[in-house]
Amino acid sequence: MHESLALCGKLFPQGHDVAIEGSLLHGTGKTPGGDIAVLGTLDRAAIGVDLASALASRVLDIVRSHPGRPIVMLVDTQGQMLSRRDELLGNAGYLAHLSKCFELARQRGHRLVSVVYGEAVSGGFLALGMIADQVYALADAKIRVMALPAMSRITLIPIERLEQLCRSSPIFGPGVVNYVKLGALNAVWEGDLAQCLDKAMGSPLEDDQRAARGLQLAGRMQAHPVRQMVLDASK
Amino acid sequence: MEAAGVSNATDDGFYEATARQRVAALLDKGSFHEILPPAQRVVSPHLKELDLPVAFDDGIVIGEGRLDGRKVFVAAQEPAFMGGSVGEVHGAKLTGLLDRAARDRPDGVVLLLDTGGVRLHEANAGLIAISEIQRAVFRARAAAVPVIAVSAGSNGCFGGIGIVARCCDYVVMTEEGRLSVSGPEVIESQKGVEEFDARDRALVWRTMGGKHRYLIGEADGLVQDSAARIRAAVLPWLGTPVPLDLDSLTQEHARLALRLEQFGDAQDALEIWSRQGVKAPQDLPGLDHEAFMNIAVPLRNSSHA
Amino acid sequence: MTQAFPKKSTRQWNTLATNQASRLQRARSISLNKVVAATDTVALLEAVLEPLDRVCVEGNNQKHADFLSQCLAKVDPARVHGLHIVQSNIALSAHLDIFEKKIARKLDFCYSGDQGIRLAKLVKQDLVEIGAIHTYLELYSRYFVDLTPRVSLIAAQSADADGNLYTGPNTEDTPAVVEGTAFKNGIVIAQVNEIVDKIPRIDVPGDWVSFVVQAPKAHYIEPIFTRDPALITEIQILMAMMVIKGLYAPYEVSRLNHGIGFDTAAIELILPTFGESLGLREKVCQYMSVNPCPTLIPAIESGFVKGIHCAGSELGMEDYVAGRPDVFFIGHDGSMRSNRAFCQLAGHYADLFIGSTLQIDLEGNSSTATLNRIAGFGGAPNFGSDARGRRHGSKPWLKAGQESARVLGSTMPRGRKLVVQMVETFREKMQPTFVERLDAWQLMEDFRLDLPPVMIYGDDVTHLVTEEGIAHLHRCATAREREQAIRGVAGYTAAGMARDRREVENLRDRGIIQRPEDLGIDPRLATRSLLAAKSIKDLVQWSGGLYNPPKRFRNW
Amino acid sequence: MEHLEYEFGPWESAKTGGAGATVIAGVVGSGNLEVLIEHCASNGQMRVSVDTSIAGFAQTWQAVMADFAERQRFGNVQLTINDAGATPAVVSLRLSQAAEQWRLQA
């Protein structure tokens, strides 16, 4: 069984009809609190125009057919599709469209929860995952902007220095622990995943609290106060 | 004389102007009030840690001003400072401005974008900041404040900010502007020069430059590189938010699906333009603005209506 | 004493012709025609070449006999070895591969550019024996003295079955190379991009050419003279303003040569704006010896530059040049005819040379030499030196001559060429341009050269222009004064800060040093808005769409 | 990075703008710098604070800034510079642009 379906089994012990369609994952999971729409990607999918369009199509279906039904995104993406063809067709527009569809769902009362179970990288994570109200990751998930060697190459900072910085600051290095400290993840899920999901579904819905959490956990000290200073600035 | 026309056309252009020059040229004279100005020294702590130069504004100028008398909020990314890239402070300034707009409801927010995306020196914080900006764009839109993205700078508009730009109500570009998620160099370095020859700049521009983006409907406006023309393009959109609802997204979805159906197998922009009905697609990149618009506007009206 | 004349010469006087005949005879086993298949090229070279031959592999600034060069690197070193290479440019890796493989041994050349570091390594490994590093004119001259090639491998655009060649706009070195080889019973092999029934014009007559090979790929052309106006800085514009107002205007410089760099591009691009505002159109910058640099387009279109003779062409400028036949030298077919030898000569006898450099010492000697790299000279030394054989008068030449004579106390009226070095006091990363000792000295020691590789000698330089001002060096009476004049425009470099402030002020009072304000120039007005074209796209517009820039320079 | 500080003067207080008046010129891009001019209470001194990406040029900065200070003679003023490797030519140009703006605020 594919790991994504195994994950669905753990999330929805009461049953689910989640199916795989290419790189896309979709269906419904049963929970004591009611049905939950499931949408996701698998096998480190690169999100290009086709996949983004297919995902968006599913979001719109959920909004139309199941008003208010919570949506769980199961995230495994290596990022946006790196291809000339996808950029030629306007991948920015497709990824933005997917984000807008999720935003529409949120505004129409769908709770958005994402679970990173594989990889989550840059542009792909932006359009699928980080757009949610609550973002969780499994302990062995991999989240990053870029691998350290590539980062070292581009920034011209020696890799030893980057590794050293990774130990002192969550800003630079990949990893779910860092993303928790930075406020981008609500929590790392371990143990009984159905229970984790149940708890997430029961938590109060709030506006974007990532910067505040980052400050609280001393991972991202500037984002919250700077935003606040802009709001408070006199005219 | 033809000669004079050449230099005048670019005199007040955005392409090589600084962020501050762009803001000054866009807004009514003397109307700009900067938020977190340089003297407040809200700089990046991370660059300091890396022993790199900081900028007093962290590469983004934000504030309030007037455009033809109407109240607008403006943000401008500084192209020369680390490629206009988004770090923690830079991003938080933009998020704050958008939230301030959602609260104060000006007639619009104008984002003068010029960026490669995430500032890799602040990797994770940069990526999260872009997600926060994206959410803040949606909050401003929910408050019926139109958010207008402008891509007319030399860095183009890449990475997550490329996605953010397309989350706005409107996108206006110049021919020199670029809009994309992955940049040509990134694609070349990951997938090889056969996939994308980043040094072939004609290919770069016909794949992600202003003309192509306008033709396929990724940009709502295309203007010549001049502050006055960018200003004129932005003006009618002030106070005119685009609804973000099921109807509008259903329509957008249909347009995007149609684009895939019509052009999904095209190998090159020339092929797309040809299918759109352009008679001499190879000549399009060389056409001046007026000649291009004479061809493009009717095509656009028929295909994206 | 009576001279004993030999009755009748018994010596053979046609060994070169017989040798040529036997080479051609050996080649008959490869091909009975002038046209040789590309696949037979290596065999052809092995047939016509003999050990120790002097060989020219045509390498210019633009056009390269790259296919023939690669084939030469494939010949069997057992058959062909110890060649003596006599060619202007070492630009391709194949040019040096033949030394590594011991096909060639000795090298006389002019310029090595990107291959300079590898060349230096090969010299250190004793795989290359350098004869001498020349300027272009010197090497061409020696083709007609003691370095005549036995075999020349050249490049052309097209050929017909008789071997007539059309070089296209990049004629460059070809005439000099072919003339030297063909008329001394040598062998000329041409690689061409295409073989056609009728070529557009005959640049090289077929009976000077021994063999023609159609290369599998068109010969390599590099757009090395294209400078993007977008990269021109305010400081360069400031210096350009000083050059125009402080030198071109008072000397009325009409015939000149521009070096190839952003500094001189800045001059070209503010002629139609700043130059026009000074009323200098039809007074300065009318005739130039220079490649068709795209940044010249606005100055041509706005009526400044009237005539240009070119050493070679520039990629993308073909249609523009063809469309301005009154300005450029054009064949009856409509395309440009360039010729590096004549262009160098024309520039040598012009009234002014202006160019940039990497280092200048306190005598005004300048060098572009960098440690661990043998780069050579190219054309700048001939352009940038007084033409002491010149006899015809012109206003700038006579004025500079008068000013020099005054300080030398000479009574014989004589002219002088204006030789101007235009540099910022610091290069990027805070490398000082003004130094006590040129790296060229170190290079001489490292590679046991006869001389330090100086590009332009201090006694030829009349003017230094930096962002701090102009120094009229030819008006300095003593060596000490000259040194202070150099220090006086050397800015905040160590050499500049060590100036004698009083003496420098004194030089300024005498007009030997001029600051921007002395010329009525406000540095804050030196902005990019003065550029007639700020981008490659602007250049295309100025050209009326005739300039077709290489893809890498586009942003549309 | 290297941090440098200099003081010049004293001179009379610059008569310009209000207490909060500031001027910014230039941008922190390769080979360029930004300079911020502000009022400060420094007994007539012109204070200069530089953060530069190229270390080892303290003497050069001293000379450039001393010439600038002598030319402008702004008292009770603080100059703060973020430098990304500007040459003295660029430094002088930016400083004179900033000084001009500072005067215009008067």
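Chains here go by letter, A, B, C and D, matching the order in which they are written, and residues are numbered from 1 within each.
In this text, a residue touches a chain if its C-beta (ideal position, glycine included) is under 8 Å from a C-beta of that chain, and two chains touch if they have at least 3 such contacts.
Source: prediction; values computed, not measured.
Trainee: State which chain is most central when centres are taken as means of Cα atoms.
Mentor: Central chain is B.
Trainee: Would you say B-D or B-C is joined by more C-beta pairs in contact?
Mentor: Of B-C and B-D, it is B-C that has more C-beta pairs in contact.
Trainee: Measuring between Cα centroids, what's the chain most distant from subunit B?
Mentor: Result for the farthest chain: C.
Trainee: When the C-alpha atoms of subunit A and subunit D are each averaged to a single point, how far apart are the two points in Å?
Mentor: 47
Trainee: If you average the CA atoms of subunit B and of subunit C, how many Å lie between those two points?
Mentor: 44
Trainee: Between subunit A and subunit C, what is the separation of their C-alpha centroids in Å?
Mentor: A distance of 59 Å separates the two centres.
Trainee: CA centre of subunit B versus CA centre of subunit D: separation in Å?
Mentor: So the centre of subunit B lies 34 Å away from the centre of subunit D.
Trainee: If I count partner chains per residue in subunit D, which residues reach a count of at least 2?
Mentor: Residue numbers touching two or more other chains: none in subunit D.
Trainee: Which pairs of chains touch each other in this structure?
Mentor: A-B, B-C, B-D, C-D
Trainee: What part of subunit C is in contact with subunit B in the complex they form?
Mentor: Going through subunit C, the ones touching subunit B are 230, 272-273, 298, 301-302, 528-529, 531-535, 537-538, 540-542, 544-545, 551-556.
Trainee: Which residues, counting only subunit D, touch subunit C once they are in their complex?
Mentor: Subunit D reaches subunit C through residues 31, 54, 57, 59-60, 63-64, 85, 87-90, 92-93, 96-97, 100.
Trainee: Which stretch or stretches of subunit A touch subunit B in the complex?
Mentor: 49-50, 53, 56-57, 60, 63-64, 80-85, 87-97, 99-101, 103-104, 107-108, 122-123, 125-127, 130-131, 144-146, 151, 154-155, 157, 165, 169-174, 178-179, 182-184, 207-208, 210-211, 214, 220-224, 226-231, 233, 235
Trainee: Contact residues on subunit C for subunit D in the complex?
Mentor: 233-235, 238, 424-430, 467-468, 491-492, 497, 523-524, 526
Trainee: Could you list, by residue number, the parts of subunit B that touch subunit A in their complex?
Mentor: Counting only subunit B, the residues touching subunit A are 33, 35-36, 42, 44-46, 49-50, 62, 64, 88-89, 91-93, 95-97, 99-100, 103, 118, 120-132, 134-136, 138-139, 142, 159-160, 162-167, 179-182, 186-187, 190-191, 195-196, 207-208, 212-213, 216-218, 244-246, 249-250, 252-253, 256-257, 259-260, 263-264, 266-269, 272.
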